[in-house]
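So that you can tell them apart, the chains are marked A, B, C and D in the order they are listed, and the count of residues begins at 1 in each.
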Amino acid sequence: MSIENKSFRPKIVAFCCNWCSYAGADLAGSSRLSYPADVKIIRVPCSCRVNPMFILRAFEKGADGVIMCGCHPGDCHYSTGNYYARRRMTLLFSMLDYIGVENGRTRVEWVSAAEGVKFSDTMNSFVEKIHSLGENVRLGDLRCRN
Amino acid sequence: MSEKKKQAELIEEISGVNPLKCMKCGKCSATCPSYNEMDIKPHQFVSYVINEDVESLVNSESLWKCLSCFACVERCPRDVKPGKLIDAARQMVVRQRGQAYLSPDEIPELLDPELPQQLLVSAFRRYRR
Amino acid sequence: MKYSYYPGCTLRTKAKDLDDYARASAKALGFELEEIEDWQCCGGVYPLGTDEIANKLSCVRALNAAKEKEQELVTVCSACHHVMKRVNDDMRNVEDIRTRANNYMELDEPYQGETEVLHFLEVLRDKVGFDELAKKVVNPLKGQKIGAYYGCLLLRPGKILAFDNPENPKIMEDFIRAIGAEPVIYPYRNECCGGYISLKEKDMAKGMCDKITESAEGFGADMLITACPLCMYNLNKSSKKEIPVVYFTELLAEALGVKEACAGAAGEDEKEVQA
Amino acid sequence: MQRIGVFVCHCGSNIAATVDVSKVAEMALMEPGVVHAEDYQYMCSEAGQAKIQDAIHEKKLSGIVVCSCSPRMHEATFRKAAERAGLNPYMVEIANIREHCSWIHKDMEEATKKAVILMRAAVAKVNLNTPLKPGESRVTKRALIIGGGIAGIQTALDIADAGYEVDIVEKTPSIGGRMSQLDKTFPTLDCSACILTPKMVEASAHEKIKIYTYSEVEKVSGFVGDFTVDIRKKARSVDMDKCTGCGVCQEKCPSKKAPSEFNRGLNNRSAIYTPFAQAIPNVPVIDREACIKFKTGKCGICSKVCQAGAIDYEQKDEIITEKYGAIVVATGFDTINLDKYDEYAYSQSKDVITSLELERVMNAAGPTHGHLERLSDGKAPKEMVFIQCVGSRCSDDRGKPYCSKICCMYTAKHAMLIRDKYPDVNVTVFYIDVRTPGKNFDEFYRRAVEQYGVNYIKGQVGKVIPQPDGKLLVQGSDLLDNKQILKEADMVVLATAIEPNPDVRKIATMLTASIDTNNFLTEAHAKLRPVESPTAGIFLSGVCQGPKDIPETVAQAGAAAVKAIGLLAKDKLLTNPCTAHSDELLCNGCSTCENVCPYGAITYEDKEVNDHGIREVRRLAVVNSALCQGCGACTVACPSGAMDLQGFSNRQIIAEVDAICR
């Protein structure tokens, strides 16, 4: 699908765990699998390091979407980290939805170090989704806007 | 851009084929049931497009011998689709006014009582605009 | 179960029995084929050029009609099935064609390939089930050695038609087993009969059909079945061999015990047409 | 306030072609704390590193940001460079503007903008970095080899010869792998078993090597130097200690209908079996799926005939847990499934076989006792056709996009051996290209043509057509003659593409080792670290990393051994200092963090604190940094915000978020 509203460039923060998804993103890069430049990756040791506070902060500062990627359930480098992350995010996302940050703006995806294609596909579809939702106005602190 | 290059690009556009994907294995020619009737052989189609010699291609007998049976497309290991390339060349011919391989005048003598409609429609669509 | 049904032009005329037997068998098997209103000819061959839209619209119309009735679309003729399935794939997956076709069509709601296109054989395999079919056979064709002739249109391109393994299909063989006969597997069953080439290059088509019938006979087939009127024409016309070629629906009707009834009806219809 | 230097790498044109590097450097100077910024061709080169070191000295830098490739690639390089210039290595951060930017974007303006933002995030983070000091961890001086083929055996022997303990885990009942199935090897035509069997014996007799056959790796935890691995020893139903390997049980077993894996299913074996005569260990296993005793409860013949009383129907899978310092993956390959290539009639005709099947046919211990004959009717063939590149070099979704590398040579070998042994058999090879880069390889192929009269035809085959009389008609191209040819053949041999063992994906996941889209394990660097996985402590041996012939496999196996030895030779490794720590003044001793820690690294102590003048004894969380692996689970679980992670602190990550959303 082509992106119709070219002028809207969303801000998208992607938290990637060091062991799987960050390596998956590297593989997407070395395989030259493109996805929009709107996605910026922050490396964390594990998906369980992602504090809900970071996600709220991102929306406060004007992010239009936040995606968190980790190792597949059962494959966590630290055994169980992604299970905690999954439960935390389920709660957080439903709360965010309740206060008006639609579920489409937040996503959890499991991407292994071998899944460069999945990483790029995920990012492409996420950006597309954010495009369909448009700019995020809820939670944004107007004082943060340039 | 030269006329020759334009024509080659037109063929690539109509067919949606990237001739550079071909690795010259010859599996298309090994597969083609019309091979012996063709003057330019299926594996050569891509070279004619790459060498921008569309003129030879559109004047070739092969255009009218291809069955669109898709055996070459199915078996091509590089996803090149030589059958689509030859169809694009055929399209370039029949889309020009008066350039058809089948004229209404010659139809009556080709008919017989068993002949299914399907044959006429199919031939019309492949041979005429 | 009701399906939208697209017979196609040859099944209205030269291949009337292919159609009649299909309808009668469907009835006997407990599903209904509802003919789409005002359908138009599919064109016989799929327009390969990426820039061709107008030639695909008759199919889009039929596909959309099925969508509006929320039915799957059933075809019998191999050529119609081929064209219909590929146009539907375009509407599903090729954005440019989808947009432009919808611009022409001006439908209430754009058509995006929602309809499932099923060949009659696929209905037998996936909906009825060959085991079920076998149970409903009243007149098993015991002892007959039948070769399935697939041709190209049902099988290729394999990714889009998704009908069966394009190099080693088995749906027709399973069908032959279900109606009580013995399938004969021969290597030329998925090679081209010559298709539309037989209009002008009769010898070429003949040569191809000779290979097919020779191979089938060599492996012991007494009869060939096909789903395509053009394949049948070519095989009958061009071959020097004596092997009979029949539509698969005829054998189905025979096995289900409804052949006699519709043979009469077919005869009457033909009279009407002639009158 | 930090004094930060920003260094932007061109990476030749890898970055500079899509990112305006000087613009990134220019923009960096506007960031708070940045006192120095420059761009350079190759930051990772010695000259590049010198630039960083010079700047540290001259500009008295306290923090470094390198905008370059992935930190998985060169973070360690730059940290070491900084350390040599007297800066704490953890004051270095990497902005990944290659894998995450220049390689995936085409538009220069867009990519440059993104690179600037990634640089800003790194600068924001480094502003909050603090010097960290790594701890130490011990190295378990034992290696694990996964896979007991020639690659695994060679690696094991080399490591063991250096004096370290090695365990081999092999899935099948015997070590030996693919090489044990081969008849002769190119380009010298020596008998495969004759050169492999001594190695197998050497490995099994080596005092430092322990072999677990019929076993699989079940679970891997830990990290470089200190892996803990669960190995499942599948129930063999035969007591390894009691069995004498006499073979009577196999002779007497009444169930003889199971397809022989070793002979590629071309003949059958008994339910109790050793895969081949020279199997190591020479102890059979009972295939419970095929065994009558296991299926019906009746039979028990093997138990009756076993003089040693070794048969044990009650045996259960056993899981043992072992510790290793290094792990070598040597899982090898298989040929691809030919279901999608039915135009070659592989499933339709018994006389169409793969090259690996031909190896078994040609082998004296194979299903035809080494006689070249058609598998359909046992007749000797007169015309043989070989088809090359079946499933290799395919960009459609049927085959593999890569060249399988070994097929040209083994096809020449087969053609030559057949012409030598059966001079009346005509051999034709359909090829696309003949690829023979290797010592004495092209000479070998030319010998097949010139000396043995093998007929090479340039062109692929379109279809193999079985004929009613049992012959095969091969319809192919002769591109040089510009002809379509129909060739009658008695047998057709397909040079089938090879692919990594299907289990490798599961194993890679357990090891968190990267794997590519073709399921080959990824090396840490394609050129310079070809036998190491990017995951520390994991090494690659043999075809699991890419297609290879035997000499290359053995060479790589040795290289992997050397790398593993290099690790095992160390007594201690520096540990990751990015561990959790608790702020005593914020901790309320609630135990939440203890519950989520997978390593048991958190304990509680009663400790006196001075909270703004109030002195009291409180129950406080204490992190054992030797056990903490730095996942950060506790930091998020902590309700009072006392727990934080060094190197990835809350403030640092928030600073990155802010920089990205700015």
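Here, contacts are C-beta pairs under 8 Å (C-beta built on N, C-alpha and C of every residue); 3 or more make two chains touch, one makes a residue touch a chain.
Predicted, not measured: the structure shown is a model, and the values here were computed from it.
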For the pairs A-D and B-C, output the one whose chains share more C-beta pairs in contact.
A-D
With chain centres taken as the means of their Cα atoms, state the distance from subunit A to subunit B in Å.
48
Taking the mean of the CA coordinates per chain, how far is subunit A from subunit D in Å?
29
Quick one: report the Å distance separating subunit B from subunit C, using the average Cα coordinate of each chain.
25
Multi-chain contact residues (two or more partners), subunit D:
343, 463
Of all the residues in subunit A, which ones touch at least 2 other chains?
none
Which residues does subunit C have that touch at least 2 chains other than itself?
167
Could you list each pair of chains that touch, in label order?
A-D, B-C, B-D, C-D
Parts of subunit A lying in touch with subunit D, wherever the complex brings them together:
11, 13, 19-20, 22-23, 25-35, 37, 40-46, 48-54, 57-58, 61-63, 71-72, 75, 77-81, 84, 88, 112-114, 116-117, 120, 144, 146
For subunit B, which residues count as touching subunit C in their complex?
13-16, 33-34, 37, 64-65, 67-71, 73-74, 83-84, 87-88, 91, 101-102, 110, 112, 114-123, 125-127
Where on subunit D is subunit B touching in the complex?
343, 389, 393-396, 398-399, 432, 458-463, 475-477, 479, 482, 484
What residues of subunit C sit close enough to touch subunit B in their complex?
8-10, 13-15, 41, 43-45, 47-51, 55, 77, 79, 152, 155-158, 166-167, 191-192, 194-201, 204, 208, 228-230, 232-233, 236-237
Touch list for subunit D against partner subunit C, complex
339, 341-343, 345, 347-348, 397, 463, 465-468
